[in-house]
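So that you can tell them apart, the chains are marked A, B, C and D in the order they are listed, and the count of residues begins at 1 in each.
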Amino acid sequence: MRAGLTEPIGCVTEHPVLRSDALPGFGDLVFGGHDIATISVAKKAEALAEAGVVPGRLVATLHDELLAVDEEIRPLPHGTAAEVAAAVTADLLDFQRRHDLARVVVVNVASTEAAAAPHPAHTSLETLRDALDTLPPSSLMAYAAFEAGCSFVDFTPSTGARLPALHELAQIRNVAYAGHDGKTGETLIKSVLAPMFAMRNLRVKSWSGTNLLGGGDGATLAEPAANAAKSASKQRVLSETLGYQPDGHTRIEYVPDIGDFKTAWDLITFAGFLGTPMRMEFTWHGCDSALAAPLVLDLARLTAAAHGAGRAGPLTELAFFFKDPLGEVDHALGAQFEALAVFVRSL
Amino acid sequence: MRAGLTEPIGCVTEHPVLRSDALPGFGDLVFGGHDIATISVAKKAEALAEAGVVPGRLVATLHDELLAVDEEIRPLPHGTAAEVAAAVTADLLDFQRRHDLARVVVVNVASTEAAAAPHPAHTSLETLRDALDTLPPSSLMAYAAFEAGCSFVDFTPSTGARLPALHELAQIRNVAYAGHDGKTGETLIKSVLAPMFAMRNLRVKSWSGTNLLGGGDGATLAEPAANAAKSASKQRVLSETLGYQPDGHTRIEYVPDIGDFKTAWDLITFAGFLGTPMRMEFTWHGCDSALAAPLVLDLARLTAAAHGAGRAGPLTELAFFFKDPLGEVDHALGAQFEALAVFVRSL
Amino acid sequence: MRAGLTEPIGCVTEHPVLRSDALPGFGDLVFGGHDIATISVAKKAEALAEAGVVPGRLVATLHDELLAVDEEIRPLPHGTAAEVAAAVTADLLDFQRRHDLARVVVVNVASTEAAAAPHPAHTSLETLRDALDTLPPSSLMAYAAFEAGCSFVDFTPSTGARLPALHELAQIRNVAYAGHDGKTGETLIKSVLAPMFAMRNLRVKSWSGTNLLGGGDGATLAEPAANAAKSASKQRVLSETLGYQPDGHTRIEYVPDIGDFKTAWDLITFAGFLGTPMRMEFTWHGCDSALAAPLVLDLARLTAAAHGAGRAGPLTELAFFFKDPLGEVDHALGAQFEALAVFVRSL
Amino acid sequence: MRAGLTEPIGCVTEHPVLRSDALPGFGDLVFGGHDIATISVAKKAEALAEAGVVPGRLVATLHDELLAVDEEIRPLPHGTAAEVAAAVTADLLDFQRRHDLARVVVVNVASTEAAAAPHPAHTSLETLRDALDTLPPSSLMAYAAFEAGCSFVDFTPSTGARLPALHELAQIRNVAYAGHDGKTGETLIKSVLAPMFAMRNLRVKSWSGTNLLGGGDGATLAEPAANAAKSASKQRVLSETLGYQPDGHTRIEYVPDIGDFKTAWDLITFAGFLGTPMRMEFTWHGCDSALAAPLVLDLARLTAAAHGAGRAGPLTELAFFFKDPLGEVDHALGAQFEALAVFVRSL
């Protein structure tokens, strides 16, 4: 996009209504990160080109740029929770210094964790300090980010910054955080169809969803614990938009052959005037990584700008991006888009 | 609903946000009309019960009420256009007098006409007076309604009140009008999905729709002329919401066995980040009459209240209900609902 | 059908190729049974009419006939396994005597049992006699039927007659048995689509199925144990037809609002020439009871005729009707139909 | 496949039941042809690789082989019909001589023609000789092929060899011909689903199909004349398999963005026991060229072997491959596969 080789398709911050000079330009962004995977970014890009996810010509043209990014990918540090957090914080400060960056935004795009059990030590920063080893990985990374003065975005349903102790730390460090769980496919559709049924005063009797995923994400989500965390996140929009919970569940299944794409099928049964039974089905065949990538860029730009504008704590105005947004917010996509526009204009 | 035998499912004016004392209650409504069909309302209701469109027990319970409505159904008058219009006007005035009604709203729910050719005589009321026989039936009925001091709602894509001469008459008679083409199925979905793609800045490459209809409406719409009028009405939402016209068309086909239900299938192909090709399909299996009926009640209540509040001319705030709304309005359902809420509060 | 009020739609034995005088006529059949449900057949029929499963006019017209059937419905006897078996055997003999029937066929249409654990006592009739209380209900009924000299058809995936000891008894009593698991919906489609992919030498990469069921059957099948038994029965056709097991599973979920109908959605991904990835989806919206009922009549007629022709033991020629047929048989529906035609001609 | 770089997926003649030494090996085939398109085979292959139809690595590896094929592609000769036919015949004889081939099979894979009007001169070879300019292009090519002693396969719905005069010529020249219209997608499914409904004695009420095609084929087929020819070919299987014609039609629409793939959606409504209404939908997302290519190889091998075995005239045993097969044949895919197996064993 910087080189004008491709358009910013899927980048919400390039929507005419949201474009703003208050946001850092694509050209101002520098990428780095921690990854448990050892495959290089260049190799991964080639694999994605083979799978039809990204155009082969781009991967070839950008080979050097991809190698440069690889230079900034670190393995996850070893040691105790405290040591890991300290090492990550040091990495982040070093990254910011070397590239002379105004600010850094940490985005969690790791695989979904099992829903973590509440722990008394998580209720205050004071008690947390001595209990870092009780934190789920996503929360430990949020802790490390905050300690480095970086904002944090959770693109997964994992716990991340959603702990009183971490909220306290974010306020002290004056950093912002956003989440949870990027809204890329089936839930995106739900967030416009559910309000439609509500606005028309039609009664949704059942809403059943099946998600077939290949790729690493599918393998992880198919594990019962992660699956439960994800499914809960997916159904929230229905009860909160309709005001009642229809029959039906959302299932996630791992089907290796589907690869980087995802096929979701939903059946909605509803009643019309005098109770006449009707039904709607949809199939969504999308590529999660290609749907998530531009949103990650959007969130980095928006969170950096908010941080720069002195915003600290939860960014509830970013609900547009998430399945399970922070705060008591409207789940209707249109209303979320309005809130986002107001937010951008306020920066 | 008056007797509490059924809930007002599908009635938008019963949505918590829109409920208002400014609207006439269901109990205040009296029904009558002109119909070219000779089957009685009671017989039609029994047929619909057989087809699973309405509950048999309701039809049995309300037999007397249905007979009472039949008393108020008139055949279409014969004669010249001027004679027909005069007779309909007389019927409307008589209906209002006999039932001592504050006001009458005429709703066109006849079959779709072929798109009418423009005619010079339609540009001013003066020239129209001597050229009533050049009016398509829907416009002649609008003329008759206005002459009787009744507001007019066009629930079909037909010309209806959309003529300068009739607009002029509406202003003179101080009556309101609304339209066009009730948004009951496929287009309703388009009005929430198209904005979703736009808000996410995803590029819609093609949008193809197939509508399979049984029943009388299907037979009429499958005729090329009516089909063309209807399809044009259905595609407008895409170009005006997306800002460009994707590939693909909307087709309507008559399939007798589908009866009073309609099955619509749409395929949407779109591009994500870096142009990654993705797709969405949906199937809508709805009963048009059961989706339209509550909207007709809503439109009668809203138009009557607007008329009572002194509103004359086009009611652009009712775009929420129509595929092809009057005026330059937003096609996103959420925005249309907002506009409707503001309108109701203003009454 | 006897009274000519309806056609024998769905009755395979009325197919021109299979019609045969060797089969008992519909007019010769007398119905009775044991049922744990206490609702009368007439009441159940009225409920099915309400749900659009059977025409209301038929239920009304046949009220007396339905009451007559009710006279022949018995509750399940109480007592030890041996006592229950003896009571059922006595009921069957009494039923046959009172109606002066040439033979009786017992068809198991009860809810699916959890897959039963193997038991040493089930390997021979001698050991079984003293261990009747180790039999699952479906097998105890098969035992009782055989003891009464009745043939037995298992329309469910339950164990039924599939035990060495019961096979031995069937041979001794000179009765026939058939099964398992009536092929009414998704698996019926699989039995024609899987051979198509095989005949075209296309490589099926994954086959994933979701079955949404309402009604009592759905509630039972959604229980993990029954679900497992059913799903295993459903996948067998794929591996045995394709010669390999593609990715993907079959899921069953209970969605009360779907009622007596079932909606199955399957996604099949496959590779064409040079490995080109392709896909097929289907949705099946059927009414299991309306699909099963005529097959139960077919199986009663065919099994009675086979019994009459001196056939004893497993009727492998009836594979056409079952998801999980007895014996090493072809799973392609076309081949199964051929085998059935040969069988009928042999009677 | 010769080099073992890929498996013969989609090649029916490699099915265990059909594999036969009587067929020429893939290594024995030499490819050439006449093409109105001027793009080289190598360039076309690169474009198909870009579109995800063929693997890029294969195109790169086989670059020289593709150039070699290009050497054998001729433009369509100019001149009168007689001159064109003579030139094509000469090309074919020269091709056979240069490559020292036992025999040559001409396969028509050109775009579908409008259905040709019958012409008296087409009824006998004698009258045809002086009226070659009345032949549609596909028939002129069949004429040229027969004159060169080559067999002819029509993979399209065009007229091709289906004329008494050409049948006469085939007999005289002792060559075979096959057709019509390769069964690659929607009709392939129909040929297994329609027999399923028939075997189960279920009543199909309506069968409606929509085919969305991109690519050159789509552009041609969307033209009303070609569309009509194609659609007629597609519906034949229903009436001949079911014994009656259900409601509904098959439509073909050109949607450029779909490219080389095709998406077909079919809705089937049917009645079960006592007339209970049920429905099935399927979506087929296939790549016609990748489905057709292996069948073209199969037809070349089978037709060459039949020609070698002295078969002349129509090869009705190849109905398995065609939507609109020659002769009075069974449309059920299973029966067609059986007939094909018998045919192969007879060679």
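The criterion applied here is as follows: a contact is a pair of C-beta atoms (placed from the backbone, for glycine too) under 8 Å apart; a residue touches a chain by one contact, two chains touch by 3 or more.
Note that the coordinates shown come from a computational prediction; the quantities given were computed from them, not determined experimentally.
Under the contact definition, chain A and chain B share the contacting chains C, D. Chain pairs A-D and C-D differ in how many C-beta pairs are in contact, and the one with more is C-D. Centroids built from CA atoms put chain D at 49 Å from chain A. Put simply, the C-alpha centre of chain C and that of chain D have 42 angstrom between them.
In chain D, the positions touching at least two other chains are 52, 281, 283. Across the complex, chain D is touched by residues 205-206, 208, 210, 212, 246-249, 251, 253, 255-258, 263, 265, 267, 269, 281, 283 of chain B. The touching residues of chain C, when paired with chain D in their complex, are 6, 8-12, 14-15, 52-55, 58, 188-189, 191-193, 195-196, 198-203, 261, 271-287, 290-291, 293-294, 320, 332-335, 337.
Contacts from chain D toward chain A in the complex involve residues 52, 56, 283.
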